[in-house]
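In what follows, chain A forms one complex with chain B and a second complex with chain C.
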Partner chain A sequence: MDFTTFVKPSNGGATESNDTSKLQFWKHVKYIENHGKQEDDYEYCMTEFLRMSGIFWGVTALDIMGQLDRLDRKSIIEFVKRCQCPSSGGFAPCEGHDPHMLYTLSAIQVLATYDALDEIDCDAVVRFVVGLQQPDGSFFGDKWGEVDNRFSFCAVATLTLLKRMEQTIDVEKAVKFVMSCCNQTDGGFGSKPGAESHAGLIYCCVGFLSLTQRLHLLDVDKLGWWLCERQLPSGGLNGRPEKLPDVCYSWWVLSSLTIMGRLHWISSEKLQQFILSCQDTETGGFSDRTGNMPDIFHTLFGIGGLSLLGHSGLKVINPTLCMPQYIIDRLGIQPQMVNQA
Partner chain B sequence: MHGRVKVRTTEEERERKKKEQVLKMRAYRAAMTRIQKKRSLSELDDEMLGLTVQILLRNPDINTLWNIRRECVLRKIAELEKTIKENETRDIQKVEEHSEGDKKTDDEKEVDKKEVLAQQLQSIYKTELELTEQCLMVNPKSYNSWHHRCWTLEQNPEADWQREVQLCNKYLKYDERNFHTWDYRRYVSEKASVPPEQELDFCTDKIKVNFSNYSSWHHRSLLLPTLYPNEQQDRPMSEHKLKEELEMVLTAAFTDPNDSSAWFYQRWLLGSGRQSEQSATVAAFRCWPYKAQLSLKSSYPELSQLTVQLVSEQQTLQLQPWKAVNSEKTQWQCEQVIEIEPSRDYFLDVAGQRKQLAVNPNDQSLYYFVPPHATSSCSKELLAELQTQLQSCLDLLEYEPDSKWTLLTSALLMRAIDVNSYHEQSLSHLAKLVQVDALRQGYYKDLSARWTMEMALAKWPTSSNYPQLFEMPTEMSMTPYAHYLIVADKISS
Partner chain C sequence: MADSSDEEYLHTEWVPYSERAEWSDITPLPQDDGPNPVVSIAYSPKFRETFDYMRAIIAKGEKSQRALELTTEALRQNPANYTVWQYRRDILRELKANLQDELDYLEEVIGQNAKNYQVWHHRRVIVEMMNCPKWELELTQNALDNDGNAKNYHAWQHRQWAIRTFNLYDDELDFVDRLICEDPRNNSAWNQRFFVLKHFGFTPEIIKREVEYAMNRIRVIKNNESPWNFLVGVLRQSESGKLNSQPEVVEFSQGLYNAGNRSPYLLAFLIDLYQEQALETKQQDNSDSSAQKVYTMCEDMASKHDVIRCKYWQYVASHLKMQLAKQAEGFD
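What follows is the complex of A and B.
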């Protein structure tokens, strides 16, 4: 299964210059549309183990750009449906692979975007997620026992989108576990108790607290300071002290600061410049850093970051769920945000 | 998908690479097809293990292949255990059958057999450990490889945890910031019962090699509060140790003042330590005949779970239920009829904390207010160290007036020494930071507002307008501590 069957015939785009100070809108649309079109694309083949997330990244980026109709809704939904494991209820990244929490969230996000949650067995998904919660409140990624706060986020995000958070998992215990991973030094979070703070994991935990309406548990001033210190002179954000900037970390930090009402603690202007500098002006798509190879993952977080910064021509994105806000509104979900003090 | 530089290649090179990739892809697809076929037939054998190795060595992130290996391993262990059990049953039968004479030689044979089986079992684990090591060489940040290693060790009752600690030492030499390795280190050193003192020494050594190691400072911050606890909990560790740490970290910070790692640690040291999560400390309270308002120092999830009482000599009134007024859950309100007799003495009791209430002369409401206090008091020795540090920072600023971290840290040191006398000077540092570190000007402005408000609130009870009127300080970019102002009738700007 590849992306080929998802793509509607393209209607072309306007010619654009190779200027990285402007958003190369149509090149990105083309880049995502063409993703996986060549059947013998090596990268595409070797990343099938995360295909479901790949589809989520592509679908969401196109939707933010108002171009969702370039993909074929029906075949994507059919693909997602084929990936639901009949026994566990979880979703695999693609056929022939095992179900996992990560791809279960991606599948639910894609279906929610297409307003197609009624096409699958949602009770089975809930059973899958509930079954992975441990006595200490943490979550396994699958039955093989890896524990990580990423999975706590996936669990509550999946249940929120399905509107099944009440009376399924033990929310209090889940919160307790996440908070047991909060570091006293910087107010941040790692993947498990004692783990060093890391912007990606901070996004997961801040997002988790936003979905469980527990943002008051954060030390917003301490964590916000550590997060705004991620911005480097290039304008890009890194994930930990003394590391290189990266478009995806820019998203994790930016969305966390937005949820915490502290977006004004970094320079939006400089960050926008950095994200735009990571565009590939030849092929379209965004890379992790200026001058590197683009990929679909960084393309979503580039577009998503620009949307959070209020770039024109893009739909508003929800910082907690990384999905277009209109879908979150349609579902009637309200992830918590801290008011700007 | 990180850090791959886009390079220009010739047509020829591109063709060659393409051919190579087509071959790799064919091999991948053939192996995956075979694996899936075998799995559907439940053929969890050596061929299966071999097939997964081929792919995992190139791409250790394919979770499903590790799952298949685990299925194979469990199958093998089950088979071995079955053989061991069968042997044991046979042993008992043999003992019963044979006479005393030839028993000894049989025993020896059985011991050998048992040993062989035990070795076979260990070699299954060893294969998995070796594979994860090879995969970690390919990708040291592969979540799946690390997890498979943990899983394998957990299966083996005779796992050599000490060896794993050594492995961490080796890996941290390649990359001292790999958080996977540090996480793994915490996990295996607990299993191997490594004493925390020894871990602290390891940290010190690592930091001495390279000060710019946030991971190591972090690891240190986990160990110290347990090794050197602070009784009052108002500091991260005992004052004696704190003084030592301050000395060490400042040396590190001055070695390269542009490196942030040590400065973050320094700020943590100057902070107030772990806040007790469960306590609800009263910041301000006010009650009228028809409602009560209560503000807490920090947020509390559900005030109605606590016993809140209005106590006078004549009666005790339960105040219930409470509703949060703000999303931070620091300000609460209870709508209830409350009989107030201004001539009486009233106390507020929140889960055992008792506060004496005063009467607002304006409307006869009862109130309590305590300003947020910025710093904890410290011993003479610690104070002396803070003063020395401040002087060193100020000296450095003579030469490098725009040094961001020195500006910030000296402002923090000033406030730790004496908030009142250094108030203006610490604010001037923030004003300077707005210029030299413009990316974060929003942060410095908010921090400045916070400090200004803390000072205004601290001075308020001595003002002639207290508690009716609170005069808002000028040039505030935000209004922190707004929930403390429930006591005021009027707020002027």
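What follows is the complex of A and C.
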């Protein structure tokens, strides 16, 4: 099974020039449709273990571009349903693998996008997530016991989409654990208490606080300053000091700043230039940095970043859940955001 | 698929499992690619076969020496497959295998896959099973040395876990000092320094020493984000928690400014320092002069030295104005 399984036959879009200062809209659509076909085979089978997330990245990017109807809703939902583990209730990345928090969130995001949450046993999903909370408030990623703030985010995001957060987990303790990972040096967050601040994990923690309505616990100005220091002269953002800029970090920093009402602290124009420079004008898709090979992961975060920056022709994306805003509205969910300062 | 390098690695020709007598009792279990694959994936025959046998063994629940060897092969082909790692642990427990061998094996795997979540997790579980952290500092040190810039997040996480779990703090500051000497901009190393200090506690003597340490590093490279953040972190541990709690730091930073340095980190520090003073001083004159310094610096940064973040600097200035106005009205 590959991603083209889900594509409906269609004829592509208009021809575009190879100008990296413009969004190569139709090439990206084509790139996502072709994900996993032919030349990517090796990559595709090596990434079997994150197939579910791959579907989320592709579905969401296409939806933001208003092209969701290019995929076959029914076969995607069927695939997702087959990945729910009958005993634990969690989702595996694809059949034959073990369920995990990461893919459980991706599965729920995909089903929420398709308004198909009623097609699965949601109570079983809730049981899976609740069962992974630890006495200190943290979450395991699966029953084998790795703790990471990524899983705290996945847990509350999954439960928020299912509208069962407040009544099912110990939110206070979960908050306490996440806040124990806040570093006194730079105001950022790492994966665990004491771990170095890292933009990806900051997104998880800020997103977590947004979903649990606890953004007042953040020193927004201090963290905002650290985050906007991530912008480099190229316009791109890095994830830690002295690291290279990357499209996915651009998303994580940008979405965190948006949630904290501090998006305007960086130069949107230069960031947009950087993201657009990471497009592959031949094949479509975005890479991590200018000139590298594109992949589906960076393609979503490229498109998502441009949406946050208000690029025309793209639907509005919700910075906390990385899903189209209209879906979040349809679900009646309101992740907290700080007013612009 | 990298079959040629695999053969090099094995120093032997690949014999398919289907042609090996010791596997003749197993019927391979192919991957179910769904009912109507439009294009089936061109897995290499070796990859496909290995995982077909792996699935068969997992389905059967067989935990044997040959099953262990099969996981080695499967993980060599795809070290990110966490289901196989988990099954490998089940086998090791069942066979009561020699875990020292497993550590040796992992050292090699981590050497080749240092940015893979699963290998590090497996390492941790094995060390827990053995209750022996003897090799963890060396292992992570090698991983950091091989990383090129000593920032591998997995290696640092594992190192912190081992240090915390087995109380291995004693020589860590020396290690961190070495890394900071090699690369004063290594934020991971600065973070680790703070991690160790926090464990031992911030006495006034330690604060003095660490403030001095950070200032010495800043003297060499002024525009270096990490020691500035570290400095703030240490000052916040003092009794008052104020940025002006150590007079030598105030003198140091003002000296840099007067000498013409305009690093954003220096400015950010001075602005926070003057801001605190402006909001605390009872005497109006002192407050006004501190506030005035903040406004001037913010203006300079926004227009000259850090234009890309001009909105941030404008915000800092207007935010202070607002706070001072509130104070004057007696709301605060």
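We adopt the following convention: the second predicted complex is superposed on the first by the 337 of 341 C-alpha atoms of A that agree within 3 Å, B and C clash if a C-alpha of one lies under 4 Å from a C-alpha of the other, contacts with A are read in each partner's own complex, and residues count from 1 in each chain.
Basically, contacts are C-beta pairs under 8 Å (C-beta built on N, C-alpha and C of every residue); 3 or more make two chains touch, one makes a residue touch a chain.
Because the structure is a prediction, the values reported are computed rather than measured.
After the chain A overlay, clash or fit between chain B and chain C?
In the superposition, chain B runs into chain C.
Applying the touch criterion given at the start, work out whether A:N339 contacts chain B, chain C, both or neither, answering first, second, both or neither.
In the superposition, A:N339 touches chain B alone.
Should A:L217 be classified as contacting the first partner (chain B), the second (chain C), both, or neither?
first
If we overlay the two complexes on their shared chain A, which of chain B and chain C does A:H264 touch? Say first, second, both or neither.
In the superposition, A:H264 contacts both chain B and chain C.
Let me test your reading of the model: by the given contact rule, A:F79 touches which partner, first (chain B), second (chain C), both or neither?
Second partner only.
Answer with first, second, both or neither: which of chain B and chain C does A:D246 touch in the superposed model?
Once the two structures are laid over each other on A, A:D246 reaches chain B alone.
Would you please give the residues of chain A that touch chain B in one complex and also touch chain C in the other complex?
The overlap between the chain B and chain C interfaces on chain A comprises residues 42, 45-46, 49, 96-98, 100, 142, 144-146, 183-186, 190-192, 194-198, 221, 224-226, 228-229, 231, 233, 240-243, 262, 264-267, 270, 341.
So in the complex, which bits of chain A are touching chain B?
The contact residues of chain A facing chain B are 40, 42, 45-46, 49-50, 92, 96-98, 100, 142, 144-146, 148, 179, 183-186, 190-192, 194-198, 214-217, 219, 221, 224-226, 228-229, 231, 233, 235, 240-243, 246, 262, 264-267, 270, 280, 287-289, 291-293, 295, 297-298, 336, 338-341.
Give the list of chain B residues in touch with chain A in this complex.
Listed in rising order, the residues are 1-6, 21-22, 24-25, 28-29, 32, 36, 59, 61-64, 66-67, 70, 143, 147, 151, 177, 179, 182-183, 186, 212, 214-215, 217-219, 221-222, 225, 236, 259-261, 264-265, 268, 273-275, 277, 299, 301, 326-330, 438-440, 442-443, 446, 450, 478-480.
Mind pulling up the chain C residues that touch chain A in the complex?
Residues of chain C touching chain A: 1, 31-34, 36-39, 41-43, 47, 55, 78, 80-83, 86, 89, 117, 121, 125, 149, 151, 153, 156-157, 160-161, 164, 185-188, 190-192, 194-195, 198, 225-226, 229-230, 232-233, 236-237, 264, 268, 308-309, 311-312, 315-316, 319.
Residues of chain A touching chain C in their complex?
Result: residues 1-2, 4-5, 7, 36-38, 41-42, 44-49, 75, 79, 82, 95-98, 100, 142, 144-146, 183-186, 190-192, 194-198, 221, 224-226, 228-229, 231, 233, 240-243, 262, 264-267, 270, 341 of chain A touch chain C.
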